[in-house]
Amino acid sequence: MIGYGFMGAAHSQGWRVAPRFFDLPLAPTMDVVVGRDAAAVHAAAGKWGWRESATDWREVVARDDIDVVDIVTPGDTHAEIALAALEAGKHVLCEKPLANTVAEAEAMTDAAAAAFARGQRSMVGFTYRRVPATTFARKLVADGRLGEIRQVRAEYLQDWLTDPEAPLTWRLQKDRAGSGSLGDIGAHAVDLAEYITGQRVATVSGILETLVTERPLLGEGVGLSGTASDQRGPVTVDDVALFTGRLESGALASFEATRFRTGRKNGLRVEVSGSKGALAFDLERLNELEFYDATLPPLEQGFRRIYVTEHDHPYLAPWWPPGHMLGYEHGFSHQVVDFVTAVHEGTQPSPSFADGLHIQRVLDAVERSSAAGSAWVPTDA
Amino acid sequence: MIGYGFMGAAHSQGWRVAPRFFDLPLAPTMDVVVGRDAAAVHAAAGKWGWRESATDWREVVARDDIDVVDIVTPGDTHAEIALAALEAGKHVLCEKPLANTVAEAEAMTDAAAAAFARGQRSMVGFTYRRVPATTFARKLVADGRLGEIRQVRAEYLQDWLTDPEAPLTWRLQKDRAGSGSLGDIGAHAVDLAEYITGQRVATVSGILETLVTERPLLGEGVGLSGTASDQRGPVTVDDVALFTGRLESGALASFEATRFRTGRKNGLRVEVSGSKGALAFDLERLNELEFYDATLPPLEQGFRRIYVTEHDHPYLAPWWPPGHMLGYEHGFSHQVVDFVTAVHEGTQPSPSFADGLHIQRVLDAVERSSAAGSAWVPTDA
Amino acid sequence: MIGYGFMGAAHSQGWRVAPRFFDLPLAPTMDVVVGRDAAAVHAAAGKWGWRESATDWREVVARDDIDVVDIVTPGDTHAEIALAALEAGKHVLCEKPLANTVAEAEAMTDAAAAAFARGQRSMVGFTYRRVPATTFARKLVADGRLGEIRQVRAEYLQDWLTDPEAPLTWRLQKDRAGSGSLGDIGAHAVDLAEYITGQRVATVSGILETLVTERPLLGEGVGLSGTASDQRGPVTVDDVALFTGRLESGALASFEATRFRTGRKNGLRVEVSGSKGALAFDLERLNELEFYDATLPPLEQGFRRIYVTEHDHPYLAPWWPPGHMLGYEHGFSHQVVDFVTAVHEGTQPSPSFADGLHIQRVLDAVERSSAAGSAWVPTDA
Amino acid sequence: MIGYGFMGAAHSQGWRVAPRFFDLPLAPTMDVVVGRDAAAVHAAAGKWGWRESATDWREVVARDDIDVVDIVTPGDTHAEIALAALEAGKHVLCEKPLANTVAEAEAMTDAAAAAFARGQRSMVGFTYRRVPATTFARKLVADGRLGEIRQVRAEYLQDWLTDPEAPLTWRLQKDRAGSGSLGDIGAHAVDLAEYITGQRVATVSGILETLVTERPLLGEGVGLSGTASDQRGPVTVDDVALFTGRLESGALASFEATRFRTGRKNGLRVEVSGSKGALAFDLERLNELEFYDATLPPLEQGFRRIYVTEHDHPYLAPWWPPGHMLGYEHGFSHQVVDFVTAVHEGTQPSPSFADGLHIQRVLDAVERSSAAGSAWVPTDA
């Protein structure tokens, strides 16, 4: 595993826990964690349960005893590491976003395709696809329970940047983060809407906006936990992304991503409306799915709160008895299950690098649309 | 109409509005309102739209041009007025509780039965039966959609007495009010549970408790709006009523009534659970019914929020387009519709005085159980 | 009152009920209702309680004994009637939309301004401003409780057109209705967002779309209740309106209006987010307001469900005790109160015709933006 | 660890995960898991990550290299194992219920007290105390935010026994399970109500009832997953427990436990109402706490949904960023943290065996009250 921040902790938990609850066809071992700061990464190895730590990812990627490279670094380093790992014959699991630019993502996708032919597997980490309720939502759509999809609303609302004195971390710098709310959380909204509907966003019209344009520079310390200094620097990413997309089928979808929505902590909400039914998912209540069945007798129709914790719901059989909630981190175990299974069976794990590239093209199209006065821009042209 | 307080306003609104929306078989006229204070009742007549006011109810009840007597006075006067009205050959609509004592209620029921044979109709005003969602709930049970009823929970939670300095109004005096939360709001919980399930409470075990035993006496002014004086008097009714009942079928039901439940304003909630389904109603969201259908595929089951505003839902056709909410007062229009229809058709309006007597017996049984250390007491023995 | 459809019923109820609960400074009388079909309007007069009916609105508008003209016809006739009524020296209450075109609305606004100088009052009927929870929401914003407004989301979601076989009524014809979901319900979303925030939408970028382009023509019968015939005609209005607006302060607002959102019956929802707090209102639960106060201790923050039924909440004192819900129609009583009060006091009732004109300009700008590939278009340039 | 069923899986996950997220003062190792079936327990050791398996708990309990004994067997074996473990000088963590009888629980409590003096620690596993929202609820009460506690409602509603053909497992046999819904889930309702209020239940009046009195005997196979046979046997435990309790302060509390409440999967709900505020918790949404602050301005009061995921909420700092939900199993990690910390610091972990004994006495008092016609019975007399 390359990287050991918040995502490193989540992935570690996935690798540790998945084999305990699921019958995996292969037995993954947590071998090496890599980071630039030797002392810090050594501590991380101990904390998160990796056998070794290392500071040179190139060296580790080249090791013969390593089969899988799991990339959890910031987005600007994904391409270089993934390309090297694929070159070295490894299977690669890469946290989202696939890359910070379309060009990088294209190179990675090409490399992944070539590697697939050599027996290597690649996957990008949109774990919200692996929440049982979202997987079940996709199934309802695929089974035709919503009929023809007519409208989609997908929003990801958080509020951790509402304070204008919050410091200028790497997530607020375009060269590190690629974009702001758009790529950080808007990417999840797009991916989840596409995953549930089974349709891609074909064209977009949108606007990006930075609400707080200057913030205190970080003083001593690094990362999100750094303290603010006396000086200020420019915020170079968007705070709010508002865009409309048209799906392949022609249906319109409304998207919103913001880290300024007071009171919303992790509000990834997707609503899908079709000719026979509708559904809604909210990440703040991730064990629930609202489903409206318009084929029931009219007087009895209503949004139904399905508590997605039955054994036969997706991913749930190995966990707890019905009614016992899963949490945020369980998606990372499910990701391990699906990745390891695909490696074992020789199939393409989903979402692929090509899927990640597509998302990157959607984000890029939104940026271009915003720059062009919200003109409509195709995503995969 | 005898009386002109809060209930007088609600009944007046029912008489005024019902004929505008519903095609009534008879055309009621709002003739005389009666009260003890000539000036006040004269003002009330003007405000609520009655042609005349009067101070002597006996005289009005005896008038030949009066066909219906609507009683909205405090419970201690119901029996005397209703008996006189029935004696005088009038149809009688009497606000709940039917009376303050079982003996009074028995006398009224006997008189109503005798009057029925003479062509007079009598009805007691449990208007929450006429909220479309509760009427629809009863229909679901009657249609067998819940299967065999196994458990019931009915609670009526309010918080307007939480302040220990709230004054000692007539509702806190046993000789006027009969009982406290038990009769004031617990009666609604019992009636609504019985109405929805179609079953009566056969035996009860319960406890009554007074949380604030002394309150300031009312100074100048009367009624609920009176101001507090320096002196205090004893609260002689219950603040909290907790009881368990067994329905005719043997199913257990849990009841709670309190005017001390901080944060609950008008929390009349009834939950019914059966072998094939369950439902829940809450008066604070009176346009909604939660319904759980346990015959649907297991993975798709969930409590469904039915927005009870479709034209084919009970009582709704003459009102607004689907999706437009009704409020508290609409039940009083529905009461007028049902009462007038029964008078016209010569049928027994529901709930009858006998139903009101039964509720009184349940309340009485709870009081006796509480006095006997929560021993089980039959209600209609 | 000119017109007697759904809105005529609602306005009639407002005129009838308002004087019973509120102390109006003037005593309105329900004199004449006007419609083209003599028999039908005669019946409507009886049903809704108007003293007379008539078929020639010009004649009625000219009568000396008429002081107020209340216009509840379809939008294409508003201008002609209102201009004549103002010319004739009447006070005018005109249902929304003010008109079907900006040009008509401008003429009406000019006429209203001239009439104001002559002592006449004019008002346009956006009654959702008079739901106690929305009035209270505006007060919270005006009092600074949300701090600086940063983001707004306003949507009006219904589902009554999801069936592609629903007939081609006048609401689906551009020459009668002006526009589709945009003007019918999107206008409410815009008005309510502006009312609560106290800010106007300055520019918009959006898209309109027709999902079902042909529908059965109406056979025999008229209006919404007409039956479908064998032939089909083109739908000439939008089914979905999606647009982004920028408020005067620069804050972005996302709007959506549709009559195709399966499962939503009357989903007018407005969310406002600011630097110190946030709020949300949903018309399907119109007695409630969600409020988030970001100045409370961080561990105790959360969206709070305020049950807006206390006596000191807006408009509530004359109605029922706290906890007793109001419904859809109460806004029409509040409209009567505010209109009559303004007439009596000589003040400008709100929203004025100028406000209605502004809304019309927003709708027009959305149509122009949609036609121009979602380019940004100013609303009041 | 003795036992390896559902609770064994949960405890294993606690032991495995807690050290990864929390800085424990001691480093627990997962040494031996014990069960009667050698092959099955061997498999369990592999699955849940224990170094060894064994079939003779007495032998394991006597081993010198074992410091802690974690008991997750059915309740009828708790006493014997715990007494032996305490005798052998071990720290003991015992899953709830402490025992199946008051006598056993008394013996265990005495032994634990004696062992405490020798430096051993004992704890009973009511993990719902360690859900961050319930821990936070207790703090709000302890801080006086609710004022004087006046009323409590605690219910635990499930529906997994609604099918009368569900087989007769050990949980339905009094000699194995002690009692039915009362001890299985009612115990949690009592414990959580006491934990949050900081008060014990002093007296109770209640009723127990068996709704389905005969069920199919288990055929081949054991445990919950066994299949039904052709023969039937008697259900010897309660299906529904309804009781009223009086807390030490005199406040009344209403309790309900049932495994027949259609549609409720894991509905442990506790409502506490006091003179200054109220709160409500529901295990089906375990990351949320509803709080009503009656000291806020009256027009702004409302139940507030606190999303209990902030770093400064109880237990949350080492987990994920704010807004990322925890699930059911996290309480078991928190239990490990608190138990290990108490062992290290030499303090009494909570809840103690004495607390577990008290709960047992409450359950016993309910059984005696039910047998005595719901007479009031003291719990700790």
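Order of writing sets the labels: A, B, C and D. Residues in every chain begin at 1.
One rule holds for everything that comes next: a residue touches a chain if its C-beta (ideal position, glycine included) is under 8 Å from a C-beta of that chain, and two chains touch if they have at least 3 such contacts.
Values in this document were obtained by computation on a predicted structure and should not be read as measured data.
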**OP:** Return the chain whose centre of C-alpha atoms lies at maximal distance from the corresponding centre of chain D.
**Re:** C
**OP:** Quick one: report the Å distance separating chain C from chain D, using the average Cα coordinate of each chain.
**Re:** 54
Subject >> chain B-chain C separation of Cα centroids, rounded to whole Å >> reply: 36
Subject >> Centroid distance [mean C-alpha coordinates] between chain D and chain B, Å >> reply: 41
Original post:
Do you know which chain C residues sit against two or more other chains?
Top reply: 301-303, 307
Original post:
What kind of graph do the touching chains make: line, ring, star, complete, other?
Top reply: complete
Original post:
Which residues of chain B touch chain A in the complex?
Top reply: 136, 291, 293, 298-307, 310, 312-313
**OP:** Going by the contact rule at the top, pick out the chain C residues touching chain B in the complex.
**Re:** 6, 9-10, 12-13, 16-17, 20, 47-49, 158, 160, 265-266, 284-287, 307, 309, 320-330
**OP:** Note which residues of chain C are touching chain A in the complex, please.
**Re:** 146, 150-151, 153, 159, 162, 164, 205-207, 209, 211, 240, 242, 244, 252, 254, 256, 258, 260-264, 273-278, 292, 294, 301-303, 373-376
